[in-house]
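Structure record follows, encoded as structure tokens.
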Amino acid sequence: MIADEIWVDVQHIRDRAPLVHNITNYVVMNTTANALLAIGASPVMAHAVEEVEEMAGIAAALVINIGTLSSHWIEAMAKAMWKASQCGIPVALDPVGAGATRLRTETARLLIGKTPPAIIRGNASEIKALGDEEARTKGVDSTHASEDSLDAARALSDRTGSVVCVSGAVDLIVQGSAIIRIANGHPLMSRVTGLGCTATALIGAFAAVNPAFLKAAAHAMAVMGIAGEIAAEKAQGPGTLQLHFIDALHGLQALDISGRLKWTEG
Amino acid sequence: MIADEIWVDVQHIRDRAPLVHNITNYVVMNTTANALLAIGASPVMAHAVEEVEEMAGIAAALVINIGTLSSHWIEAMAKAMWKASQCGIPVALDPVGAGATRLRTETARLLIGKTPPAIIRGNASEIKALGDEEARTKGVDSTHASEDSLDAARALSDRTGSVVCVSGAVDLIVQGSAIIRIANGHPLMSRVTGLGCTATALIGAFAAVNPAFLKAAAHAMAVMGIAGEIAAEKAQGPGTLQLHFIDALHGLQALDISGRLKWTEG
Amino acid sequence: MIADEIWVDVQHIRDRAPLVHNITNYVVMNTTANALLAIGASPVMAHAVEEVEEMAGIAAALVINIGTLSSHWIEAMAKAMWKASQCGIPVALDPVGAGATRLRTETARLLIGKTPPAIIRGNASEIKALGDEEARTKGVDSTHASEDSLDAARALSDRTGSVVCVSGAVDLIVQGSAIIRIANGHPLMSRVTGLGCTATALIGAFAAVNPAFLKAAAHAMAVMGIAGEIAAEKAQGPGTLQLHFIDALHGLQALDISGRLKWTEG
């Protein structure tokens, strides 16, 4: 049933080839463009202040990733996000490195504060860096790292209205009181750069065809994990994993999803 | 006969390792550098206003690609193209996204207007965005997309004197009344990001060793398509295609060309 | 014995996952991040003037690569190197293209002059461009290219105190009167873009766990060459080589090193 819903989204992406506008970091531009093409979307990378609004205006989704920031990019990101909000285009935000430097933490907070994105996806440290303030005011101070990030994710979602996704061995996708956990994936995936960024890009593609953003984000994370498992079975290391992962996204079939999905709700 | 001419160019590239100076987009810098190395050329990426003229001055060809623009890059592109024209170095221009945003359309027009490149390569929409003005004044309004782009390509070539190449399932290479069609390639190639940009980079390498630019561009497109076919026979998807394509460029032999070439003139 | 020392460094990298801060060129950001992940380090790419000091301050090593320069990046590089020197964090510098344009030669000299890095790694032309001045004043004018670069490397090392590494068919690693030669590697490696940059990044990872920088640099070069040999045995060309190289770094075992090492001292 859930596998069927995921499969419907995949087919919609393949049929409609939604234009996904990415303002993303230099490290992953090539690999995320290839992942979007492999799943069936149509990626475009554009970051010039002069064109981001025009590009966002013709896109079906906008992906913002702060992995290699500089000041004129921040302005372009803010403009593109504002334009997307005006046009009702979903935004997926990846706050890469929030918590590691002030520039990243503050930029992520600034962008979220101006126009809250449909979906925020990060790892546990990044989400904690963005949600902790609220978590602390609630007096929550869990000893479990995962529960920590769950509290932070809920606080961040409550404050912004965004779906918040924490990726890890088990992915958490949170909005209000709703929570979905996905246990797909493979440890070798953490040895390939930019697979987190790829997840956020795929979330953009799924949000372009599915306006139920909690579901869209969870579907994207399930597809990431399942493609990663298929790839890991063929790979001899993180180098070959990267390509088999792209091949797996491209060749993904309904049975791959129904046979492998590890999804729990509530 | 034509296969022999293509093979002569490939051998010249391998023997001379021409320095190809690229000012290109972030997405494809790595993959186009690898494609140039695989065919036997010597790639260099340099975009700083302070050094592009010096670098263009020692290069055997210049490749300009507007795929991820920003304002100070446009200045560097214009300077490098002017220097190349002064030194008699061939320029291959890739107007990525012309027609999609004003910044890209206008930048492509500006660069072409200042110093017309030896060769312009784009997809049908991009070439139409640059050639249509003229096509429309001729009252041409074909119902066939390919004929549309052919008219636009001819108009653009007539106005600039450039060889114009429209890549697609069948590539068109046009200059004045001359036209070459190449039907090599594989559909899976369109699922890999940056293979259009790679085509333009290879055109630069071929133009570096063959001053008959109509031929040079067509030879490059034939080699692209043939390497893509060889790669597709070994690939399981767009991820593995990308690497087998690089391997195929590197391992290309005379028989691959003579046995696979689909070339028609006139 | 030496193989054992190399293996100890590899294990330390895998155990400690040192954070390696890279300010590097666009072409190789993805591939060097993947190489660092594959050997077991934790890479981060950050170049904004606003955050490089903060990032360098939490890193275990800093890698500076001038492969795609522009003016505001040079300022960020200088700031990060200064911060690293204040914190006692080792810096590995890659003067890509020194000798090719004035901007690159002068930037490399400027950065080295301000805060001499622990290790400088380049190819023979780059090291000659940086060391020649001294070599010439000594009246050294060898007819052998390799001896040329050895003199330049020694001159550069004497002037800066840095370990200087010249990579080639035989890598030279020099400091004062000490010299190590490593003859591992495979010719196909020169057909893959950015493997020189990858070497410098790995040197950063080894320097993060081994404060004897002459050894650290030599160990990194040995691991590069050995992983390249393993990859070349599985590859069909430079495309597949790239991935098998990453897999080989990830899967590297003590016996690979002891069985293949070609190391001579003095």
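Just so it is clear, A, B and C label the chains in written order, and each chain counts residues from 1 on its own.
Following the convention adopted for this analysis, contacts are C-beta pairs under 8 Å (C-beta built on N, C-alpha and C of every residue); 3 or more make two chains touch, one makes a residue touch a chain.
Quick caveat: nothing in here was measured; it's all calculated off a predicted structure.
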item	value
Angle, in degrees to the nearest 5, of the Cα rotation that carries subunit B onto subunit C	120
Copies subunit B and subunit A - interface residue numbers shared by over half, same or different	different
Inter-chain centre distance, subunit A versus subunit B - centres from mean C-alpha coordinates, in Å	34
Residue list for subunit A, restricted to those that touch at least two other chains	26, 30, 242-243
Subunit A residues within the subunit B interface of the complex	26, 29-30, 33-34, 37-38, 43-51, 54-55, 58, 72, 242-251
Of all residues in subunit C, those that touch subunit B in their complex	25-28, 30-31, 67-71, 97, 100-104, 191-194, 235-240, 242-243
